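Just so it is clear, A, B, C and D label the chains in written order, and each chain counts residues from 1 on its own.
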Amino acid sequence: MTRFYSDNVTSVCPEIFDAMLAVNHDDAPAYGRDDVTTAMTRRFSEIFECDLAVYLATTGTIANALSLSAITPNFGAVYCHRLAHVNTDECGAPELFTGGAKLIPIDHEGAKLTARGLDEHIFGRGVEHHARPSGLTLTQATELGTLYQPHELEALCRLAKKKGLKIHMDGARFANAMSALEVTPAAMTWQPGIDVLTFGGTKNGCLMAEAIVFFDLDLAADFAYRHKRAGQLLSKTRFISAQFEAYLQDELWLHNAEHANRMASRLSNGFCQIPDIELAWPTEANEIFVHLPDHVETGLVESGHTVNRTILDPSAARFVTAWNTREEDIDALLACCLRLSEQHLAVTQA
Amino acid sequence: MTRFYSDNVTSVCPEIFDAMLAVNHDDAPAYGRDDVTTAMTRRFSEIFECDLAVYLATTGTIANALSLSAITPNFGAVYCHRLAHVNTDECGAPELFTGGAKLIPIDHEGAKLTARGLDEHIFGRGVEHHARPSGLTLTQATELGTLYQPHELEALCRLAKKKGLKIHMDGARFANAMSALEVTPAAMTWQPGIDVLTFGGTKNGCLMAEAIVFFDLDLAADFAYRHKRAGQLLSKTRFISAQFEAYLQDELWLHNAEHANRMASRLSNGFCQIPDIELAWPTEANEIFVHLPDHVETGLVESGHTVNRTILDPSAARFVTAWNTREEDIDALLACCLRLSEQHLAVTQA
Amino acid sequence: MTRFYSDNVTSVCPEIFDAMLAVNHDDAPAYGRDDVTTAMTRRFSEIFECDLAVYLATTGTIANALSLSAITPNFGAVYCHRLAHVNTDECGAPELFTGGAKLIPIDHEGAKLTARGLDEHIFGRGVEHHARPSGLTLTQATELGTLYQPHELEALCRLAKKKGLKIHMDGARFANAMSALEVTPAAMTWQPGIDVLTFGGTKNGCLMAEAIVFFDLDLAADFAYRHKRAGQLLSKTRFISAQFEAYLQDELWLHNAEHANRMASRLSNGFCQIPDIELAWPTEANEIFVHLPDHVETGLVESGHTVNRTILDPSAARFVTAWNTREEDIDALLACCLRLSEQHLAVTQA
Amino acid sequence: MTRFYSDNVTSVCPEIFDAMLAVNHDDAPAYGRDDVTTAMTRRFSEIFECDLAVYLATTGTIANALSLSAITPNFGAVYCHRLAHVNTDECGAPELFTGGAKLIPIDHEGAKLTARGLDEHIFGRGVEHHARPSGLTLTQATELGTLYQPHELEALCRLAKKKGLKIHMDGARFANAMSALEVTPAAMTWQPGIDVLTFGGTKNGCLMAEAIVFFDLDLAADFAYRHKRAGQLLSKTRFISAQFEAYLQDELWLHNAEHANRMASRLSNGFCQIPDIELAWPTEANEIFVHLPDHVETGLVESGHTVNRTILDPSAARFVTAWNTREEDIDALLACCLRLSEQHLAVTQA
């Protein structure tokens, strides 16, 4: 059983699979010089309402690491949350692809950075003894399922710009954030000051599709080389482009995310109604972190459910919903929890 | 028109697409802990008749570069042909992933290394002034469409082992080589001494599927870290595994390659019968390099054909056949060449 | 005026300069194959009472970074204090020389790590998503002039060994620590479990002399290559060896450090007797961190004294003593502080 | 006996040692913010008749590798002679410091590149599959003791500039080249187009002193970071600066080189007069490569002479003269050779 384990265990949604099949009729130019790729880039431009450059990648890890390689020299420092995926779950990929730049981890609750916390960690610009403050990376939605509100994002970007930092957003769950907040894609990214975005598709219905979206076109100047050198220039690029074409068409990306978020709310609300379960963090996108008492956790596992404890918050269990989460699975999980809770109550009261 | 431009412009063969669809029914464990991936590894083992470790990759470039990172320390030297893909067409990916090991290019005709040529280039083992001789990488079939005969491979491997080198084979077109030679996969690889193989699927009918196959399991000991750090640990690994499952089943990989090679023979033989065209290199797999006179080349382009001159041999035009090459396209190309040749003859004789 | 600014602004002590002159009489084999270098290694062995391997370096930065490159793979993590020189003052040199390993900063007062703090930060061993826990680096004396007591060192080393970490000690001020604690060099290093030591000479009377001392000889196996590749294999090695020969002879290193520490005590005690100055951290070696009121700091600067505020503790001023610090300079500094303090008192009371 | 083994086994010449002693009177600002370093930079400017930036290094290896890191991105290619020190004798340091740029070795007799040879190796600019052609590195005097004549240098630089390459000169024996050619330092460097020079002092009388001299100041813009990160920012910089101050004063550098070259001529001419010895390469600076018959080589070794065969030309023995080579040592070596030659003649004729 992998249900709720993560949104990366999901299958591919039909529209996206069909789009791949649709580009398989004949030979086509390699390395992204095909029509589908051109069309896809145009669509990104429309959605973000600006000129931009798009490079494709097959994992979020490499999309993030390559993005960072564009915003920092190898002697630079990039600020991130201590729990950022780039810092904890990429086995040093950012260090590899940036040529050894330093990630400076900053701690704050909810996996969210604050302008004040960032400010306290920046030092030494212009003094060669210290890695040069160069970049900031933010995750939206965060690794704990929380969200940066627009004004929080603006405050962070304003400070970062003032300090001369280029800004990356890890949007592995960008769609979930977009769906939860009442803003446009532009307002979430380049308008406050994001320079480069990792736009994830894999967790939200794609087979394997991540895009590196440059709003600051200067940063993209030499990027074709970095991208190729990282082994990410795919001969059959069109099969990734086709996924994004379908993903972005008719707001499929938002619909998928909306469903995942709604399922997360349902699960989160359900948890809240069970006496001895409580949320570890507010459920703002499609991840739920809850404190489970031992008797519930043990019972769930015995009943065949998966309980995932991550390094992000070892005190809490994580449940993740996705584009294909079914209400009945949520209800079954909640029912099981409730039963376990009540049984325990009965026993302890007896 | 991309016909004959390369075997990487092709579509995906139906059996392989179907296999991807077949694993899309439900969620499955991420990162290769699914059943399809387990089955795929077993199949590799059967085909190569040995224990082995398999890691998947999405491009040949990264599969090669990561393989090299397993056979050399960052202060080591890896010997390769001057025209090897790793040396000319990967934008320094081997240098990135090995942490800056040196590729030592060696020249010899037909893109083939010889034991003697290799011997002349190895020096300084054990003296820290010189990068430590650590690895050898061979391409089979080569970048010029030629093949290492079994005895040539054995001679190279014997010397390499004597010199303490670990050996990598770039098998982007391994199937084409296998199909052309009367040997088993084992006899082409670990029996003579290959330690790690890049086993390519993308050019021979897959969507995007490269495997790094370790015969020397010690080299694979820490490889999971290198693989993850390179951004190659795919959450939805099963979609690559499924491609290989189908590819290896019922010898599809060999049938596809056989077709491509047969088409190459047909085209090559056809070229030989045209008076003013001659082969630049023997056609031993699925690539044909020919010297085209100007009037033929110009005429082909005017007729809408693609003529690809690569850096591998700028004096020759390259034509590549693939699993889906059609006889009628070959015959049309040859007819066009013949017509151009005859027209030219008529004019010059007039 | 650079007095008290740092111990790296000092001149070279005469015995050491003379030793360099003494090896200048004639040609000698390059790259450390000379007699002086052999003798120096033997002397290190005697002092540390064990077999060991010594490599020389010209800066502490590169000695540290190269040491770390021997204790972690490029996909590894090395734990350090947030204020460690390797983390704050080496512009990413550790990341460069380790090929991109991660430094994991841990905070704790006095620039000292604790076993508990270390334990809380180690996670994910054996899971390829996370950089592999590989190394620990400690600074003795620390960047804030404090010391690890033997039992603290033992507790840290015990935990680190249990967790599979190799241990590096940054001993830029090792002599100052040795002189302050009642232990042998062995008891400070390999006996509790230090695997490799950066043994500094430059801050304590040498011209430019840092040694990388391996107690774990396995770690040194390939180190000659790393050392050469870092550009640290000096043709005229004997001029560094000669410095260490003199430095280690007749306990010159300890005498120099003892003097520096005694001067630090004098200065520290003096500060304590001035009403409005207080120590930021205990003075345990040759660095004094004090909270200076504005009127004292301003007055000192106006009187031509240097007041150095570092990133290590921006709230405090740092004063460093050295092998050549003169009592009269200390007394003059203290007198100036006292005068400023009294003037201020007079004014405020008036 | 290390006589003639290399010019890096020599002692330090007295003027230079005295200059180091002269700056040892007192404390001085660290990291090159001292007066001696300022004066030294000015002197470099006078000698090269231009504005320039100077960074100091302790070995030629790191000076070269860091220079290259300033002229190529990590995805770039740098062209060099196959026998260049950077390619054969630096254990991959250039690859480390450039972050994995490719050195493209080109072969040509006498360790000298030609414009034509260079032209044949450059390809693929602007195509991301190929490492970007970025730099050229030349050694003057070369590793085989030959020289680039001014017109050869100009031709190479002209082509390199046309191809968009930045140019580095490895001047480990720059003084020997200068002394042999009738040109100014400017005419040897920035006038034809050299952008950055490794200016060596260690082989010509210094203790340990290499300078990285930037004529293209844009390349130096971020270099302070690279320099620090490489562990080359020395706290006691003034002791290297003092060496260069003395070295450049009153043309000591040229006098030392002139002596070495004159001694090389004497030895080379002497060899030419011995019937069975012949020069492998013309003696144009301070290195002599000769073909020695076995009886001479064996006899020399038996008589206590050192015969050094290098990887540069294994068919020849190398003899190197230096600032402190004595005529009587040359004459003794030649006399020994002559005696051995005559003895052999007598035996074979008997």
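Of note:
Rule of thumb we're sticking to: a residue touches a chain if its C-beta (ideal position, glycine included) is under 8 Å from a C-beta of that chain, and two chains touch if they have at least 3 such contacts.
A quick note: this is a predicted structure, and the numbers were derived from the prediction, not measured.
Of all chains, the one whose mean C-alpha position sits at the greatest distance from that of chain C is B. The interface with the greater number of C-beta contacts, when A-D is set against A-B, is A-B. Separation between the centroids of chain A and chain C, computed from CA atoms only, is 41 Å.
Here the spacing of chain A and chain D, counted between their Cα centres, is 52 Å.
Computed centre separation for the pair chain A/chain B is 35 angstrom, with centres defined by C-alpha atoms. Among the residues of chain A, those touching two or more other chains are numbered 74-75, 90-92, 96, 99-100, 128-129, 132, 225, 228-229, 233. Chain D meets chain B in the complex at residues 74-77, 88-92, 95-96, 98-103, 105, 123-124, 128-132, 311.
Against chain B, in their complex, chain A makes its touches with residues 2-3, 5-6, 8-12, 17, 20-21, 24-30, 57-59, 61-63, 65, 90-93, 96-97, 202-203, 207-208, 225, 228-236, 239, 324. Only residues 73-75, 99-100, 128-129, 132, 222, 224-229, 233 of chain A touch chain D when the two sit together in their complex.
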